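These are the structures in question, set out in turn.
In the two complexes that follow, chain A is the common piece, with chain B as its partner first and chain C second.
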Partner chain A sequence: MVPKMILRNYPILFIVPAVILYTVFSVVPSFVGLAAAFTDWSTFYLLKPTYVGLQNFKDLFESTGFLAAIRHTLLYTVLHTVFVIALGYGLAIILNNQVKFKNAYRVIIFSPVVINPLVISLVFSALYNPTYGPINAFLRKIGLGSLAQNWLTEPKIALYSVIIMGVWVGLGSTVVIFLAGLQSVSADFYESATIDGAGGLKKFRYITLPLTMHALTINTLLVLISGLNVFGEVYGLTNGGPNGATEVFGTFIFANFSQGLYGYAAAAGLVFTVVVSISSFTLLGLFRKMEVEY
Partner chain B sequence: MQLLKRWRLTPTRAILEILMIVVALCYLIPIWMVFSNSLKDSTGAGLMGLTLPSKPVWDNYAVVFRESNILRGLYNGLLLGLITVITNVVVASMCSFYLARIKRKISTFFYNYFIAGLIVPGSIIPIYLEMRILHLNNTYIGLVMLFVTATLPFGIFLFTGFIKTIPREIDEAAIIDGSNPYQLYFRIVFPLLKPVTITVSIFVFIAVWNNVAYYLYFSKSTQYPLPLSIYSFFGKYSQSWNLVFADILVGIVPCLILFMFAQKYMVSGITAGAVKG
Partner chain C sequence: MANKRKLSVSLGLILALSTTLAACGGNNNNNAAGSASPSGSAPASSAAASGSAAPAKDPVELTFMGPTSWMAGSGVQDMLKAYEAATGNKIKQEVVPDDQYLNVMKTKMSTNDAPDLLFHNKGFNYIPANFLEPITGPILDRIDPTVAAVTTIDGKFYQAPVAPHSFYGVIYNTEVFDKAGIKVPLKTYQEFIAAADKLLAMGVTPLGLAGKSTWTANQPYLVGGAYVFAKNPELAKQISTNKIKPADSPEYLEMIKRYVSLKKYIAKDYLSSDQPIIQKGLLDGTIAMEFYPDVTYGDFEKEDAAKAEKLGYMPFTLGDDYIAATFPPTDEAAMSIPVNAKHKAEANDFINFATQKDNFILLNTKDGTPGSGISPYKDFTVGLNHFQQSMADMIAANDIPAAPFLLGYLDPNFQLGDFNKHVNDMMAGKAPAQALDDWYKDYAKVNKAAKTEGF
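Here is the complex of A and B:
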């Protein structure tokens, strides 16, 4: 028990600024959003929204745009997560095995973290340029000209082009977390395994994987959340186009907000919040159960 | 023993080395494309070749400094970033000090209250309504409030974890020596938080610098930081890739230089937060 005389020195006043700020600018809006989603609030009725019941949600799920945005967001999130985690884990294992200049590689892969996604998307729109862009130029030069694509204007491909850029951006922090996890695994485990005659695959299955499970779960959760929240990358590269082929939650809400349909956009935002919260908390619960202590 | 082994080139190792070089090129070629084409005329840059021009057009940079709002963007970005960082560090660390030291239900409740913000996304449309009612739309102070709020959960997460590792005996010694709560916090505890303060500051600054949505929703173009001003510049000069590339380079070189110094702290911060957490 800590004596009263000590406890008096942690005044509750210390948490007041944080609680006020967070409540006013984060929690209150969430509840207001709950209410606004059931109104016809827009630029036309800016100060006098009327209650319209479930009309916004009905409109949302009847419009093809919204369902497509949900589908694209989920597809983006799944592919982004799978590729970032798989490539990140692989690269971290390679870097952990005494490749020369490993710190330089780590810094290079990590560096996009300080560049705004809008700026990166400008660079990528040049790389993806169908006529002169370096990607198509390279493909033609090595005789694979048939693989050259209209990366951003062909509806079937555009979303994958955005995903490739997302993976390029997101790989760095994933590699850093995996590397830290791998470095915390003691070399003794591998030595005893070698003496016992375990091969590379067995070492991975029985030593590396279980001991880096925590890094794996944290990484998956972080990448998943960033995937669901994707906005700047899509806004900058395609802004939902061509013809809605890359529309995600973020761009869908912004487009409707720009048209002044606030109640409608708030309803879309509410669905988004629910989808993100449910998927993240479910995954978090799942991971808590999976982790092992050594 | 592993460390004493001499580095030898085996076939597997050669493949891995080549693989890493290819990966590194995937990151370096885009930067090289930006640099080499920023020195061409607009026809040359439109071809997006990767060779350096025989006659570099340094004038592109002069044009960009004249036509693009580089200084304005730098001022906005630094002002908003630094004020948000300072506010976040003070507010989050004080709050965490209470949450880490007081072991009552109220601490657990408020800790979870804040940490939920790491997962649940902010409701952007209602925030817009609230900002209009409070007349904070398109103001610097409004943006700072939103950025501090958005980064608060992350700050409280790292600060609380760190303060729990500082022995309470330090507080008790200071109290017995006659410190009041504010002296205890600002003179004794806060200086001990230096490593985590550096990490939080860097991540919060980057979050503000790289934000897109809040600027698009809640600010006007004169308040745009450097990255968004580059994007607006592209809107006006999309036919002159040489100028766009020069603007991009001016915008990212300071970030990359700062990154060289900061990445050590970022790595240790991520590691402390994610791996041991």
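Here is the complex of A and C:
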């Protein structure tokens, strides 16, 4: 005879193992990281961290490297988000129509999603090679040699080169979500609008955009967060160089952690978490207001 | 006759190096040169491994930990096999990516998961003495005492060098120099600038810089800037112990300004240049000089042996009245034993084995070519390559001393932080004082974490 209390609460038993694992491997480390941010925990005295209050945060904001990493991360995030969303939305609309070979286009656009960013970085390193890379070779071939650049080693353009790769990588999943959103809009709305004499632009403005706002919301949030989280693309392509011109949050934290400054790196991680959270919740609130019920 | 002269010059060089090391040895001076690279990458699988190690009665398995790029070397692998064959002991290799090596190593030692042997750049800046077990045995009688002093504290010797010393200086194209009528050595900053102006007027790029590697820009700074500390060792001590910031020292700042002034002699696209490009320019004479370690001669020789012979190697200074043939006193490859190693006695025997002549040469053999430079051990010498011989001849003929480069004067416990960053910042246009202050903030942070005296 199984006790009544167990029978009543048996669903809880199913989730207990998952909760334990999640707690041990995610919640506890997060709290350890939070606590570490207020200590001088480092590889020099690994087992003797001492409480240092807000010193790590003070050091962080006095560090030109950290401030540069914030600037670069924000620039990367804004441009990456704008281009991925705009291009992704545009491509999804095109692919949602009756276009020849649209399945082939979908595969091509989605393919970067299944490739590791580090592998893609190697490919782009070859593309960007100033001497032998196809981009500069093409520019020279068509008589635009003056536009050939040191794409990854010129501090003024290196970050933009990384962003271009990031946009290409990010398009795939964005287009898929937009396509799902577009396909959920009933054709009846468009038929009615056509009967009422609405043109393509008006249909987009008053039907497509409002009714796919949920897709736009989720996509923008995901792209924004992935932009703030950028690491693999930068690490693989420039590792923060040249001369710190592409240093972002991720590479900054990684570099300090690699130096053995765990407390300092944890403080940077905490600031990073706060920035991502504030950005995400602000944007989520904004988009929620723009969504429509139907 | 020529051979005798070379031999005497080599011996003189060793003596000069020893004397200089003796001068700094009492202070345990050492440094970190930035990028970890296997120094004295050397030669030859043909060298037979010999050694006194007798087969072990009860064979043990020693764990040997090293960075990926070093452990992949054929010389290292051959030497490890030679040890196994000679002793019956087994070597279990723990290979860690280069950029994670020091971190992983310290973590393993701190968590009582230490290997038996460590393979690393020499210097307490890399591994503090309190992590290590003193090394004993015949090695103490064989090692040059002035070399030993650099990693000795309270009479206990902690890190055994396993690669020859090399010089850091300037590679130059002798034909281009002759054409320009430039006489070497260039003993002062003013002489160097006058020569660079002449080269520039000839349409030759005076200085090549392989800027794709972030450490290359630090070479003229480390080599040429050594005069500041050589003339005022107290300043090095004050900077190392946080009594003065580099930007607050007028002589340090002046040195830095002189360093930055070299920028006009470097090709503008240096950031996209890698070493093969600069190497080709030097061999062809389109580039006149490059600041690069002397152990790289083999790469030039491989590219074009005849043209490589036309290159010379010379010392450099940013000072007005001081020049030295500079070397990094601590940066070469070394081996040590963690304080919590499980097989300390066997690890100690291993180090004694690895530092014997044939094993040392085997260890430093790369692609069949033996390593070159100054041997840290009294009972054998290592050959000098063309660059090293060129430097040896020049300093012997001009009575130039051998001395540590800039970082060699800093306190052994001083943590450099990200030294290359402020160097590259200045090359990118940041004002010297600002770049130095940014470096200060960075190294103060690391030294605080390391609890270095004064921070």
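The rule is simple: the second predicted complex is superposed on the first by the 284 of 294 C-alpha atoms of A that agree within 3 Å, B and C clash if a C-alpha of one lies under 4 Å from a C-alpha of the other, contacts with A are read in each partner's own complex, and residues count from 1 in each chain.
Just so it is clear, a contact is a pair of C-beta atoms (placed from the backbone, for glycine too) under 8 Å apart; a residue touches a chain by one contact, two chains touch by 3 or more.
Just so you know, these numbers come straight off a predicted model, no measurement behind them.
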Three-chain arrangement built on chain A, chain B and chain C clash or fit: fit
First (chain B), second (chain C), both or neither touched by A:S280: first
Contacts of A:P130 with chain B and chain C, given as first, second, both or neither: second
Partner chain(s) touched by A:L209 [first = chain B, second = chain C, both, neither]: neither
Inter-centroid angle chain B-chain A-chain C after superposition on A [Cα, multiple of 10°]: 90
A:V114 touches, of chain B and chain C: first, second, both or neither? first
When both partners are placed on the shared chain, which of chain B and chain C touches more of chain A: B
Touched partner set for A:S42, first chain B, second chain C, both or neither: second
Contacts of A:A187 with chain B and chain C, given as first, second, both or neither: first
Chain B versus chain C as contact partner of A:G65, first or second or both or neither: second
Superposed arrangement (fit on chain A Cα atoms) - minimum chain B/chain C Cα distance in Å: 6
Intersection of chain A interface sets (partners chain B, chain C): 257
Residue ranges of chain A in contact with chain B within the complex: 2, 5-12, 14-15, 17-19, 21-22, 24-30, 32-33, 36, 41, 91, 94-95, 97-101, 104-105, 107-119, 122-124, 126-127, 129, 132-134, 137, 168, 173, 176-177, 180-181, 184, 187, 190-191, 214-215, 218-219, 222, 225, 228-229, 231-232, 235-236, 250, 253-254, 257, 262, 265-266, 269-270, 272-273, 276-277, 280-281, 284
Chain C to chain A touching residues, read off their complex: 99-100, 102-103, 106-107, 110-111, 128, 211-212, 214, 269, 271-272, 418, 421, 424-425, 427-428, 438, 441-442, 445-446, 448-451
Chain B - residues contacting chain A, complex: 1-2, 7, 13, 16-17, 19-20, 23-24, 26-30, 33-34, 37, 46-50, 91-92, 94-95, 97-99, 101-102, 106, 110, 113-114, 117, 119-130, 145-146, 148-150, 152-153, 156, 168, 171-172, 175, 179-181, 184-185, 206, 209-210, 212-213, 216-217, 227-228, 230-231, 234, 241, 244-245, 248, 251-252, 255-256, 258-260, 262-263, 266-267, 270-271, 274-275, 277
Residues of chain A defined as touching chain C within the complex: 40, 42-47, 59, 62-65, 130, 150, 153-155, 241-244, 255, 257-261, 263-264
